[in-house]
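The following blocks contain the structures, represented as structure tokens.
Two complexes are shown next, each including chain A; its partner changes from chain B in the first to chain C in the second.
On to the complex of A and B.
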């Protein structure tokens, strides 16, 4: 829907209407304009796309890493090393780790590079939790009766026919949990000035407009909050339904 | 017990070393803003550069740090122009107070809301859908104190987990039997439900302590609270290696000890 929406919105996210900075909502600008005269609705639509794609791509990256490392550890390959690395990542709170590592990386970068850095950072730091879950699942499946039977019959496709199909639902569940967590993490990073850089919009840097404390007279500044809550809330509902259906 | 202790020491040292490595390779680490001071002559600038270069040798610094640590010396923070031990002693009470109030409030509210059959699931879901930084902004705009932000952040997390546990425990056979025999709901709660879920609640206590520490950074950065979170934030921005390593190790100690305590109790 948002992809279709971008064709209908009045302007591109970076276009400045210099005659109307800080404009209130009107027919031309349904959510008004920011202090540089950029249409807030356009920026919100583009920002939603950036935030959702970024979080999904990062979640996929960390789930692939978790599947590879958790799978290896579950099979007993480099188990101690992988577990120790996961323990090291989990010994620091996720938010502390994320903010510290991002603060160590270059801060004054181009928008595209900032997206790449945020994507890699979220993907690289979030593997530890899912990897432990995958490791436990692989270990349990490896010792299960049907795997023993498959091994006894001399099946050569243990991994492809028996293990991976049974681990996939767990990996999907991890992906569903990770995407909203990354959406929230990107928003926090963006609000602290460490996420996606201007002029590229994202929910995080759009919400920085609240910093001035002008919510009282400008309720339309909360539009990204509504969208964010709706998206993350939907993920929670999906996850709860999946959990109960299992 | 000894194994847990060894694990904690190894994890804390490894996190300190990883932090030192990260800072050493971070852009801007080798640069000191004093080099821009026009009042300094060539010799002074050379001295600053050689000091910076010596700080880049991680292993010798770690050795020096451990020797200093044995004497109670945590080093010196260049960005704050103060000894690190004094800085931590100065800032820790604020963060500890904030975390203590946040955890107490979060647990009391979370458990109190989880016990009745009609909960606040929708509000909890809404609060869980908002980033910590945004909650901090909104609370700041409403004039609320920083510890209240932590209560608001922790309550829905504790509520959701505790509610699931209580619902499961309420459906257990022995609880159904007690209910059928006419035992009061209060007695069922305190004699059957809460004792049966106490190991999981203890594990949640450790996780909530870790959450509170993690949430303290954005909250303190946004609400401008002079605590350890703000100190860590400023140190990261200023690439203050000694201060960051100490703070990272402090956070790692707090988190791993909390986790270890819950694991020991669980075992």
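On to the complex of A and C.
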């Protein structure tokens, strides 16, 4: 709810209260301030929005690509080529690839555009795993009894009526797995200082504050960790439900 | 068993390096880790005392510099012969070795010639008058194994164990029996291990860690500086109107004026830094030129240069919104914080900055080869207070000349003037002449501000209470420069 109602946050996420760096929680700053005197609550709320929205967007991108390519491969169209490409993408050290691609990007882009590009790259690179799952599902479904029966009866809507509805739960499950994976990937990049650019907050750069073990006596610094754990855990619960329903 | 371990550790000094030394050859040492090992294991003719900053005799008992500053004659200790010194320099200056240290002894006019004048006398002749000639010999390891310690054991990536050199010429021998140097890249683990007492020194602390360690020591302002500059190179693949802004001294002054240096020192460095007005830190009393940057209103400066504000956005004469990227190296929290504060300061002038953190190789590639960047925030580690140390930055022909590297001829009259003054100060040993020339260089740098100097950080280190005799300084190696006189005990 906080993510949606960002208007309720006490101060803008980038505003620096330079006379109050590293302030403890107070009425003015419920989660205290960071090293530059920026309100932690505002940054957490806005960072959650950035991380969640963009991770979902890139997961959707990955899943659409996975559905298209995995579906084609499952049907036997360009199967070997798609499988080989998937193997190649899976074997790539994505972190280094991401760093390399980032190094070639134009520098003068806004932080929001920069993070969008990063997530889109994650999405574009992450299709291979889900695609293999979709391919296997499509192959299995294509040879199933009900598909054979539908073919035998001369059904003209094999794909729309029989195949896609049966693949959709698997695709949903892949989406729920992929979103937290991308959230964690952004967090890893942020921890390395290569994620979302200043002044935009994200879970990744909020978690960097924990470097150096400054938690002792400052438990409020754990807020992004707790939120990250809660969100990733929630996705896991959703995934298990989806899996159960499949 | 525990008692045995304690007795064993009682004579052991322990600290960590952040990287594996890239070489064990003392003449090829260029990285800080290798230099640290070299400092502890190798002997030099003259050593600069890190506390007093004065040269002291080591393998040379005395030295004499000729009046024209082209020749230095060393008188050696009985335990070393002139042949060893001559052979060391022959190897050092061999082009096939590609020694980074050798560059110091090579000039456009030629290379230094080292000759034996007898079994215990050596002369080094320079092709041209050279300032602070003796300081250069602090970095040349003579022979092998002539330092206070020798390498006893080495496990790559894990640790290096040094033991005291039984053949060390200086008596008494070092107080500690061994030095265990762990390779620990993770600074958080280094801190944790210090708190547990597993290591006894942290040579460089970040300001945020300083407050968490009761044993932390602030040795005062270093000669290092943090600064930003704009890319002014003609061949840089950036927009022409952007280059026009960067080439305008008024624009650079306005940016410089808008940056709240005191806030950077107070917030980012927690008060452990001094605002900068030029390349030389005020602590370098010998070469610092008093003065301050202009105090003009930055917005008025920009308006006088044809810029105007439109709905809170600064625009140039042609109506282009003033927006540029500021690159810095990823992983440096202090620089990222400084960049964020600069971003906020300049937003008050209607200037938009996009901060980009790049991994170091990508950053260097852009800075030196492709020149594909607009502004850069970096720092410089200065180990030598002498202005000649800055030749590779200030000479327009230098590849490290930040704002416009490797110029065939100086592109601006003031760069030509800096070149002339820097070469003139390096060509004499007369302090007053050198100071006059270098003062003018500092004035030009303030007038033109091709580099916007931000601050000089303090030297922060941590010293365990188990150690006696550690005297942290502002020069590398900050804490173990006098390792042979450090005792493990209890303060």
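By our rule, the second predicted complex is superposed on the first by the 216 of 246 C-alpha atoms of A that agree within 3 Å, B and C clash if a C-alpha of one lies under 4 Å from a C-alpha of the other, contacts with A are read in each partner's own complex, and residues count from 1 in each chain.
The rule is simple: a residue touches a chain if its C-beta (ideal position, glycine included) is under 8 Å from a C-beta of that chain, and two chains touch if they have at least 3 such contacts.
Note that the structure is a prediction, hence the values are computed from the model and not measured.
In the superposition on chain A, A:92 contacts chain B only, with no contact to chain C.
By the touch criterion defined above, A:192 reaches both chain B and chain C.
Of the two partner chains placed around the shared chain by superposition, chain B is the only one that A:101 touches, whereas chain C remains out of contact. In the superposition on chain A, A:16 makes contact with chain C only, not with chain B. Of the two partner chains placed by the overlay, neither chain B nor chain C lies in contact with A:77.
For chain A, the partner with contacts to more residues, out of chain B and chain C, is B. Shared-chain residue A:37: touches chain C; no touch with chain B.
By the touch criterion defined above, A:148 reaches neither chain B nor chain C.
Contacts of A:168 after superposition on the shared chain: neither chain B nor chain C is touched. By the touch criterion stated above, A:232 is placed in contact with chain B alone, chain C being left untouched.
Shared contact residues on chain A (touching chain B in one structure, chain C in the other): 99, 103, 192, 211, 213. Per the touch definition, chain C reaches chain A in the complex via residues 187-188, 191-192, 206, 208-209, 212, 260, 263, 266-268, 323-325, 327, 330-333, 336-337, 339-341, 343-344, 354-359, 362, 365, 372-374.
Of all the residues in chain B, the ones that touch chain A in their complex are 7, 11-12, 14-15, 18-19, 22-23, 25-27, 125-126, 128-134, 137-138, 140-141, 210-211, 213-215, 217-218, 221-222, 232-233, 236-237, 239, 244, 248, 251-252, 255-256. Taken in their complex, chain A has these residues touching chain C: 14, 16, 18, 21, 35-37, 99, 102-103, 107-111, 114, 192-194, 197-199, 208, 211-214. Within the complex formed with chain B, the chain A residues making contact are 87-88, 91-96, 99-101, 103-106, 180, 184-185, 187-188, 191-192, 204, 207, 210-211, 213, 215-216, 225, 228-233, 236-237.
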